[in-house]
Amino acid sequence: MTFKIDRRDLLKASGAIAATLAAPSILRAQAATVKVGVIEPLTGNLAYNGTQSAAGAKFAADAINAAGGIKSMGGAKIELVVVDAQSRPEAAASAVDTLVQAGACAFTGATASALGLASSQAAAKHNLAQVFSIGTAETIVQRGLPNVFRFTPGVNKCTSVALTNLKLLNEGSGNSVKTAAIVHEDGPFGSNMAKIMKEELPKQGIEVVETISHPTPQRDFSNIALRVKASKADILIPSNYLNEYTLMARALNQQRVELKAIYSILGGAASNIKFVRENQEVAQYVMDCNHWYDPTKEESKALAAKVADAKLDLTYDIMVSYATIQVIADALERAASDDRQKMIEALAASTFDGSIMPYGPTKFVNGDNVNSQPVNTQIRGDKIELVFPKEYASAEAVFPIPAKN
Amino acid sequence: MSSLILPAVLSGLMMGAVYALVALGLTLIYGVLHIINFAHGSLLMLALYAVYFLHYHLGVDPYLAIPIVLPVFFALGYALQRGLIAPMSSGSEQNVLLITLAISMIVDNLALYFWTSNTRTADIAYAYDTVEILGAYLPLGRVIAFVAALAVAPLLWAFMAYTRTGSAIRAVAIEKRGAELVGIDVNHTYAICFGIGTACVALAACLLLPTFYVTPQVGYTFVLVAFTTVVLGGMGSLVGALIAGLLLGVIESLCGLFLGESLGQIGIFLAFILILLFKPSGLLGRAR
Amino acid sequence: MRLNSVGQIALVAAAIAYLLGVYFASSPVWMGFTINALIVAVIALSWNITGGFGGLSSFGHAAMYGTGAYASAILQVKFGLNAWIGFGAGILAGAAMGAFIGALAFRYGLRGSYFALVTLAFAEVLRICASSFEFTGGGSGLQLTLAPGIGNLQINDRTVVYTALLIVVAAVMALTALIKFSRFGAYLIAVRENEDAARALGIDTYKIKVQAMAISGAFGGLAGVLYLQLWLFIDSTVVYGSAVSVEALIGPIIGGAGTVWGPLLGTLGLHLLGEGAKHLLPNAPGLNFVLYAIVLICALRFLPQGLVGLAGRVGPFKKKENDNA
């Protein structure tokens, strides 16, 4: 594993990347194109989520183009302009300049709230709409910016739905869960989530016996596992990123922590198929309340197949990013123009209900889609099944975890 | 909480051994070349990938990868110092610092490009195994790393004290011009030293992989704490790095237990600042 | 700002031409990226005071940058004070943090790489504190209320922002020149060249160094406040992260440490290089940084004294006496 990279490898690799990312531009000769921006962190510490999201956007653009492009614009093809936000707010904001110069009509992004806050504020000066794929911080929709459209739920909605679903599950099991331990990363979503949980859980008869916050990265989870064990909590509610979740799952197993359930909220791992494959034993029956597509839709199945063909992991980043491009395409269809102001108006009036997400018709109120909702998933075998809400479910929830023999 | 103190101290010692292993190479390079090597974390990441791919593609156990990875990384370190850092820096300390920064930028981003940002964990049969010591369950991989650190630091010290190459390295570290005059090839000795430092990082990677994950960013998880370890132990002191690593592991673990994991990190850096202010030469370092 | 050679005059003229050219380029990308570069130039000028003139290479200038930004943000968000008050307070807080770090570090005679590491540790401690306390917004960071207007120091028109930043950078450079050619500056340079000799001549080197850290801290705090007012959002990694500390030192070293023009020239050059790399490798995120780093290494090989030093060797006016600009 030395530095040996020969020229041919490099050319081959860059050729492949160029081909995948530039695919829409090859079609330019056939029909007019309309440019849609994608601002995602492709480098830096958020690179994994950003790269997945960019891939999701590309799958969506390909699907829309294959189905005839934007019909009201004479079958114009969507051409994605992907810009790296480098996991830094000022780079996300500068990326907006690149989009404006390239003539993008709207854009999607940007994985982390800090990046999205910066990009949407910069875009407001150009009247350029941002459809948020992921942006859980509530401040995103509280600034009164007319160009902000958050398609997916924020941290408040995610947490309250998670609480409602947990209540239903617990009632169904004869209220077997009475105490909870919360382990969360100390960033915005983890801290917010923990605050709401601590207020709301006691109202449904669950006592919070331990709350532990940890930084990202956290190198060792032994202490945390021991504290969870000592708290004798029935249920563990974690909210952290994939790397930390992996280490935590191991430590819980190694310290022989017995839990009735693991119920994560916007957890990085419990809805990551790679984690499931690599840690099947400890991953079993873990539940997550997160963004997820409606697996029963034909288009969802097609997406899953394409993602598998591309040898990528099907994560929620891909799903939501795919859906936001669908939302933008619908707005383009109705605006019949790539004018930025017309796009903002079209998005504001959106009633789109054809996305792959299990949402009602889109309705933006102050930029927040009121008909979005997170769902509950559960790891079963080597699959991630949707268990809540019932109308989209692909499996029945198992709660609490059945006792080991 | 009090029943957790003993397990916390033990798991702190285990983690501290990893810090010591990462810091050994860093302190060696600092002690001899007076280089703050900011590429150290990136080299650790590169070594973790090497061990991971050896396991993934060829089924080589991470511990059995040691005799393969160590020589390769020794050569890599030698080449980096001889072929890049020495000729490109024009002898300026600031420039060396920037070159190591640039190297880390290159390595990190090439890793991102070729291996993507996916988190990878080695699928090893004993990844979840534990050893029970004084009623505490310790991950097997960490216990092995602990024992290895205890063995390697004195071995390396003995190498420096009793071999010809070791004494040449020490001579160059103390008095470069004098060493030159008695016929020591300084450039070669510097490169040897950088090579050994890099091989130490590779060893740390072999011992770390079974209990950790790999991403292109993983080096940063360890590099700041490795710097702390080096300063605390006394810059250039191998045994100091071992003691300091273990101490920091325990400080971090106990602070985490009592102050919370987020704020507990401050324990490490407060120790860092205090030692710099009151005993800048570190626990076992020579006076400046 | 004495320029001592044809090369240096040409270099400075090129930079000024570029900065004025941005007005006419009517390109949002150039404008946006030059605005970012100018803010980085302020933190680079801050580093230059201690790292360039005083020979005290810090690896933690984020400590001052972040403290300035946080002080202003806390006053505005938590106490509802006006942005202009926050602006002044941020500069003062940066200066205080600089003086504090300096006073502690120099009391025990830390220098060289020890000083570099202690500043790094301070920045890290501050980063962890900022992400751990409710007071600083914890992990969520602090978001200023969006309220454009000169009274709130939030300017929508980017040409105005750009002009204001040009004036700020020019002012900081003028102050740098004043310092350099003052008695204080001469003392500081004496400390860099030979601290023991300086002390033997009766210079209170401790006081000089702490004062230099305070001035550097004020500039650093200023850069942090500028960042805050431009993007209205900060969190612990954004302003206390080691990326800031790297940006602070890389520009002056490439441009020419201990010169008035070096930090600006180096920062502009590096940002242009980064932008160029992005355009050369548009579809390969990450590889642009590789190209950037390779050029950086080569630049270090050929620019041991930075851009200003290199230009100084092109057509010098008189025999070498002071080849700094």
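Read from first to last, the chains carry the letters A, B and C; within each, the first residue is number 1.
The criterion applied here is as follows: contacts are C-beta pairs under 8 Å (C-beta built on N, C-alpha and C of every residue); 3 or more make two chains touch, one makes a residue touch a chain.
As the structure is a computational prediction, the values presented were derived from the model and not from experiment.
A.B. asks: By mean C-alpha coordinates, which chain is most distant from chain B?
C.D. replies: A
A.B. asks: Count the touching C-beta pairs: is B-C or A-C ahead?
C.D. replies: Between A-C and B-C, contacts are more numerous in B-C.
A.B. asks: If you average the Cα atoms of chain A and of chain C to get two centres, how far apart are those centres in Å?
C.D. replies: Here chain A and chain C have centroids separated by 36 Å.
A.B. asks: Round to the nearest whole Å and give the separation of the Cα centres of chain B and chain C.
C.D. replies: The computed centroid separation for chain B versus chain C comes out at 31 Å.
A.B. asks: Where in chain C do residues touch two or more other chains at once?
C.D. replies: Correct list: 128, 131-132, 284-287, 289.
A.B. asks: Send over the residues of chain B in touch with two or more other chains.
C.D. replies: 109-110, 112-113, 260, 262, 265
A.B. asks: So which stretches of chain A touch two or more other chains?
C.D. replies: 43, 47, 186, 215 - these are the residues of chain A that touch more than one other chain.
A.B. asks: Quick check: in the complex, which residue numbers of chain B touch chain C?
C.D. replies: Residue list for chain B touching chain C: 30, 34, 36, 84, 87-90, 92-95, 97-99, 101-103, 105-106, 108-110, 112-113, 224, 227-228, 231, 235, 260, 262-263, 265-266, 269-270, 272-273, 276-278, 280, 288.
A.B. asks: Under the touch definition given earlier, write down the residues of chain B that touch chain A in their complex.
C.D. replies: 1, 3-4, 7-8, 11, 14-15, 46-47, 49-50, 53, 69, 72, 75-76, 109-110, 112-114, 116-119, 121, 123, 127-128, 130, 137-139, 211-213, 215-217, 220-222, 253, 256-257, 260-262, 265
A.B. asks: Going by the contact rule at the top, pick out the chain C residues touching chain B in the complex.
C.D. replies: It comes out as residues 57, 59, 104-105, 107-110, 112-114, 116-118, 120-122, 124-125, 128-129, 131-132, 246, 249-250, 253, 257, 284-287, 289-290, 292-294, 296-298, 300-301, 304.
A.B. asks: Quick check: in the complex, which residue numbers of chain A touch chain B?
C.D. replies: 1-3, 5, 13, 43-45, 47-48, 51, 186, 212-215, 217-220, 222-224, 226-227, 230, 242-243, 246-247, 250-251, 253-256, 274, 278-279, 281-282, 313
A.B. asks: Which residues of chain C touch chain A in the complex?
C.D. replies: Residues of chain C touching chain A: 27-29, 31-33, 36, 128, 131-132, 138-141, 143, 145-146, 156, 158, 227, 231-233, 235, 238, 243, 278, 281, 283-287, 289.
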